[in-house]
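Multiple structures follow.
You will see two complexes here that share chain A, one where it goes with chain B and one where it goes with chain C.
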Partner chain A sequence: MSRPLVVAALVAFAVLGLAPVLVMVARVAPHDLAGVFGQRSMALLGRTALLGGGAAAVALVVGLPYGFLVARTDVPGARTWRALGVLPILLPPLVIAMSWAGMTSLRGGLATTAVLGLCTFPLVALYAARAFERIDARQEEAALLAGGLRGVLRVELPLVMPSALFAACFAFVLAINDFAVPDYVSSIGPKWNVYADEVFASWRSSQSTGPAVAAALPLVFLTALALWPALELRRRNHLASFSSDFRRPGTLRLGAWRWPALVLVLAVLCVAAITPLGRLVFEAGGGTRGFSLAHMQAAFARALELGRSNLQSSLLFAAGAALIAVPIGLVLGHALERSGRAGRWLAAVALVPIAVPAILFGIGGIAVWNRPQTGVVYDSGWMAVLLFAGRFLPFAVLAFSAAVAMLDPRIEESARLAGARPARRLLWIVTPALLPAVFGSALLVFVLSMRELDATILVPAANSSVLFRLYNAVHFGRDDFVAALALLVVFFVVAPGLLWTFFARRRLEVLP
Partner chain B sequence: MIAVLLEGLRVELGGRPVLGPIDLALERGTWTLLVGPSGSGKTTLLRAISGLCVPSAGRVLLDGQVASDGARIRIPAERRQVGLVFQGGGAGLWPHMTARATLDFVLACRGVPRSERAHKIGELIEMVELRGLEERRPGELSGGEAQRLALARALAHDPRMLLLDEPLGPLDARLRGDLIERIRDVHERRGLTTLHVTHDPHEVEHLADRSVRLELGRIQAEVEG
Partner chain C sequence: MTSPAPRPRVPRSCLALGLGLLAACSGEPDLILYCSLDQGFSEPLILRFEQETGLDVRTEFDIEANKNVGLAMRIREEAKSRPRCDVFWSNECAQTVALAEDGLLAAYDSPSAREIPETFRDPQRRWTGFAARARVYIVNTTLADPAEIKTMWDLFDPRWRGKVAMARPLAGMTNTHMTALYLTLGEAEGRRYVETAAKLAADGGLNLATGNAHVMRLVREGQAAFGWTDTDDYNVARLEGYPVAAVYPDRDGVGTLLIPNTVSIQKSAPRPEAARRFVDWVLRPEIEAELAQSRGAQIPVRASVPRPAHVVDATGFTAMKVDWHAVGQSVQKRTAEFQELFLK
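Let's turn to the complex of A and B:
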């Protein structure tokens, strides 16, 4: 890879992803640390860890069998359920929390854990599915001959677990750093504070970076604690996956268990995606006050009328972030995968933007950009674009690195021997070979940006985003308007992936 | 004249020595067979000569120019003008490019003007008998056709040296004979220096000027003619 290109990408990454974190850490004064490790903080941290552990456990228990069933077995409609299984991670967690809150009386910690676990289970399912598909057919056939389906599972589970646990670590990180769901659940029931709330409250009360950052340090520590094993598991998973004469495994026959398996898959899908979406449709049509199509039409017309500019802003912010993140992610992901030991350090550094709570990343962004020289940027929509790009760059970097890992190095080596310079190899050889990852990474950053609230909630640009509008409407607005607006957000989040699925021949590569 | 000179060449992978020390000189225009058991360092030696892996010690000289000195690369792989046919049926072919686009890309990298490329591509296609298959991608070619395309690609940038890493491996007996004749023809017409890794020296030893046997990363024997 061209050194100037890597340096340019590193500089861009440092400005967008690292600067917000480093600047705010530098602003912590010794006196800000007083009370950070006090009894109250530790109790909150314990509760947050419990939330993360619970959500990760839910994601693992639900996602692992789901991934196995839809990727490898003859469960009826497996391909459809596999595609639909991604839905919960695409939906803003706040939307799922809202819709379930209207249907159950479950509140507090259990509700928060369940919602965040269900929102993140597709991560485990996707990784498990991919890992199950990468087991060589001959290994599996040998296990099948030795011990049937049970034998297969006994041989394959240890091979798949690193992938599933890696995803569970990510589920843990997403859960402990979520602010919107615990905040919403607290607003409709007994207060159930978590650490991200504390960081937000600390910023709101003091409007000063130091105390907010200091307050967040234990959470950062907890996040890093989860990301480190995640990186190690990811590396191990890469090593265990492929050999050069890989043979794709066939479909496993479930026999009499085929229909119970279908029931299990549908139950998961109903709980995590279809029911919440159905509830939103019901609410948009008038809900308990009397459901009608005319009412729904009116609700959507109102949501489009009042939320059009917010939707436009969010679409622009998310598309802008994706456009920025893809080239940087491509160069760094390639460097990460192809630079041996240095790549391991680069992987650790690449995770820094997601190692801090989103709220804190936003505060860091304010510290970096809210100054006279960059005031124009800070006051404009660019602020949201830059924050999203910086925050979600790690996902693009890791997704590209995973895609490069599967690219035969000889493809690049032969271009090199043909005399192609690094930039030419990147443009003409690597990029076309990684097209599914290019679109996949762009989509990943786009979707994450569309559903993100926490990172930008404190900057002026957030006022024009659709999630901010939704967040306000949830607290003060009418149910039918909120539901219709939430469904519009869901549509725009899901539409690009659906278009690719229908019109492209190759499967998207989105997994970091 | 010496085309390739290796002086005390050593290669380590992950801190483990896998090759060397190797001292070897290849005369211009000669065909040298490189034989030895699996894991003896044959492919690593080709990669070190081509510049695809960084030696830990020793020197590689190409036509008298120092290409690498210790771990320092003086001439990067893209400027060594070395053609390499990888091990495996058409391995390393660019999956998104047709046969024509593959050769066009290599010629463009060499700076051949667009107006001359079509003619040169035609020559290369003719030489490896891929006429009619120009618009096919590697996935649409048979093992033999893919390997012939790999050969055409290796020759397209007018290399001064041809490195063959078991190029006949995945082919059946008829195709092996056909391809080796084609390579010999090119070797002689262009006066190339060829280093040919093979597991089956009997099949090609009549072509070679010399055989070098590697074991455990070191040269164990050299046989002339």
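Let's turn to the complex of A and C:
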């Protein structure tokens, strides 16, 4: 890889992803740390760890069989359920929580854990599905002959488990950083507070940023604690890689279990995605006060009329972030995979932007960019683009790194021997071979940017984003408008991935 | 023989995207306004100001989830390097007073504010209050008789255990409300009220909602019999036909808290002349009357301003006497205490 290219990508990553974090951490004075590790905050942190562990366990228990069934078996409609299984991770967790809290009397810690587990199960399902597909057919046939389907599972589960655990670590991270779901789900009955509440409350109560950043540090520590084993699993190459003589396994026949398996898959999908979406459709049509198609049509017309420019802005910001993140991610992901020991450090550093609370990252962005020299950028839509790109670059880097790991290094070596320079090799050899990963990581950054609010909430550009309008409309009980606009957002978030899944010949490579 | 590889070209879509983003960065406006009043109410008024004055206003709103703290936080952060806000139109008072205390606001005695009572104005004229919201109980009339709910302490009546609600007082109007109680009731009584609420919330006797709008939803849907909210939230439920009533508590006691919108000019405002024009415009009695007519049913602080029948006047309730300067000074300390009590 070209050294100047890597240095340029590293500088871009440092400016976009690291500078906002470092600027904020530098503001913490030693006296700001007093009280951060007090009895009350440690109790909150303990409960938060419990929530994260519980949610990760739910994600594992639901995601592992789901991934197996849709990726490897003859369950009817497996391809469709596999694509739709991603939906829960694309929906805001609060939407899922609100749907279920509105329809049932589920409240408190267990309900919060279940909701966050269901929101994050697609991570485990996606990784498990990929791992199950990378088991060599010869190995599987031997297990099948020796012990049938049960024998296959006995042999394959230990091979798939590292991938599933890797994803469960990310489920843990997402769960412990969520404060809206615990707050909402425990609004009836005894309050069930978590540490993310403490972080958000500290931002609102402190008029200087030092104590607020200090309050976030225990959560950052807990996040790092979860990401460390994930990185270790990745580094030791436990995430289901395959050799050059790999033989793809065939579809496993479930026999009489085919239909019960379909029921299981549909039940999971219904609970985690279809019911919340159905609830939004119901609300858009007038909800409990009288559902009608005419009402729904009017709600969508109004959402399009008032939200069109906001949708355009958000699409523009998200597409801009994806375009910036892809080339940087490609260079750094390639460097991470091909540079041995240095790559290990790069992987750890690459996770910094997502290891800190979004609001800390956003205020860091103001501190970095709101200067006389960069004021034009700060005042414009570019600010949102740069913040999104910086915040979600880690996913692009890891997705490319995973894709590069599957690329035979001999291809690049041949090109090098033929006289192709590093930049040319990257552009004309590596990039075409990684096309599904290029689209996949662009899509990942696009989707995450479309549904992100907290990181940009304080910068001027956020004002024109669709989530901004959506959250403001929530306040004044315009439930039909909110539901219609939320469904439009979900459509734009989901559409590109579904189109690729159903119409492209090659599978999307999106997993970091 | 091999043909030369084509030169990489910048895709047209990238150019279009860049141009789109550049378009988002329009020219320098005549005024930058930070506004935390609901976008639906304030946006039409600001458009009218633009039409009447010919000034180009760039308005940046806060969202409800930030409970007004977001813009105050941004003003503080921007003031460190490059102040850009001219006018801050806040939907409450405590954050504005805190900004004034930090020396971030400029003094301006607007001629439009002459009739506004002194209790809603900063003695040093760094901010002016107008168009208030009241802190009321929203009551579901199928579950409770509003006539039976008279004082703030009714929230803790054992017969309503588990059927009452309030927002966690860590931000927004509830935070300002609880802070004001310490000053109005006195340290000991104020603390007793807040500690009782926290204790009840811990064992499920009092439901803690995510915000005042959520309290309104819980009550209108019958999940709670009554709870603390703001008059604008109550009015939304009333307009939509839910069986709700508003109780202005403590008529014979400390009274009901009125929290005004506030408007202020930033000390380092890059466009001070336009800022003063906007403040003069927004403080006119006609604007207060329009805000009273709106879905938010804001309560005019000037007795002379006309209002619809559903918006109370001075005869409809007893207004709590509040020293806003003291509220602004103590809000940070109290919030830290509330954090200790409610985040366990």
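One rule holds in what follows: the second predicted complex is superposed on the first by the 482 of 512 C-alpha atoms of A that agree within 3 Å, B and C clash if a C-alpha of one lies under 4 Å from a C-alpha of the other, contacts with A are read in each partner's own complex, and residues count from 1 in each chain.
Rule of thumb we're sticking to: a residue touches a chain if its C-beta (ideal position, glycine included) is under 8 Å from a C-beta of that chain, and two chains touch if they have at least 3 such contacts.
Computed from a predicted model, the values in this text were never measured in an experiment.
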| item | value |
| --- | --- |
| Touching partner for A:Ala78 - first (chain B), second (chain C), both, neither | neither |
| Chain B versus chain C as contact partner of A:Leu316, first or second or both or neither | second |
| Partner chain in contact with A:Ala19 - chain B first, chain C second, else both or neither | neither |
| Which superposed partner A:Val160 touches (first chain B, second chain C, both, neither) | neither |
| Touched partner set for A:Ile328, first chain B, second chain C, both or neither | neither |
| Partner chain(s) touched by A:Ile96 [first = chain B, second = chain C, both, neither] | neither |
| First (chain B), second (chain C), both or neither touched by A:Ala418 | first |
| Touching partner for A:Ala9 - first (chain B), second (chain C), both, neither | neither |
| Partner chain(s) touched by A:Trp428 [first = chain B, second = chain C, both, neither] | both |
| Broader residue contact with chain A after superposition on the shared chain, chain B or chain C | C |
| Common interface positions of chain A, toward chain B and toward chain C | 424, 428 |
| Residues on chain B engaged by chain A in the complex (per definition of touch) | 50, 52, 76-84, 86, 88, 91-97, 105-106, 109-110, 150, 153-154, 156-157 |
| Complex interface listing, chain C residues touching chain A | 5, 8, 14, 17, 20-22, 24-25, 38-40, 58-61, 63-67, 69-70, 73-74, 76-78, 80-82, 84, 98, 102, 162, 165, 168, 170-171, 201-204, 207-211, 213-214, 216-218, 223-224, 232, 236-237, 240, 295-296, 332, 335-336, 339-340, 342-344 |
| List of chain A residues in touch with chain B within their complex | 244, 408, 410-411, 413-421, 424, 428-429, 432-433, 435 |
| Residue ranges of chain A touching chain C (in the complex, touch as defined) | 40, 43-44, 180, 183-184, 186-191, 193, 197-198, 201-207, 209, 289, 313, 316, 319-320, 323, 363, 366-367, 370-372, 375-376, 378-382, 385, 424, 427-428, 453, 457-461, 463-464, 468-469, 471-477 |
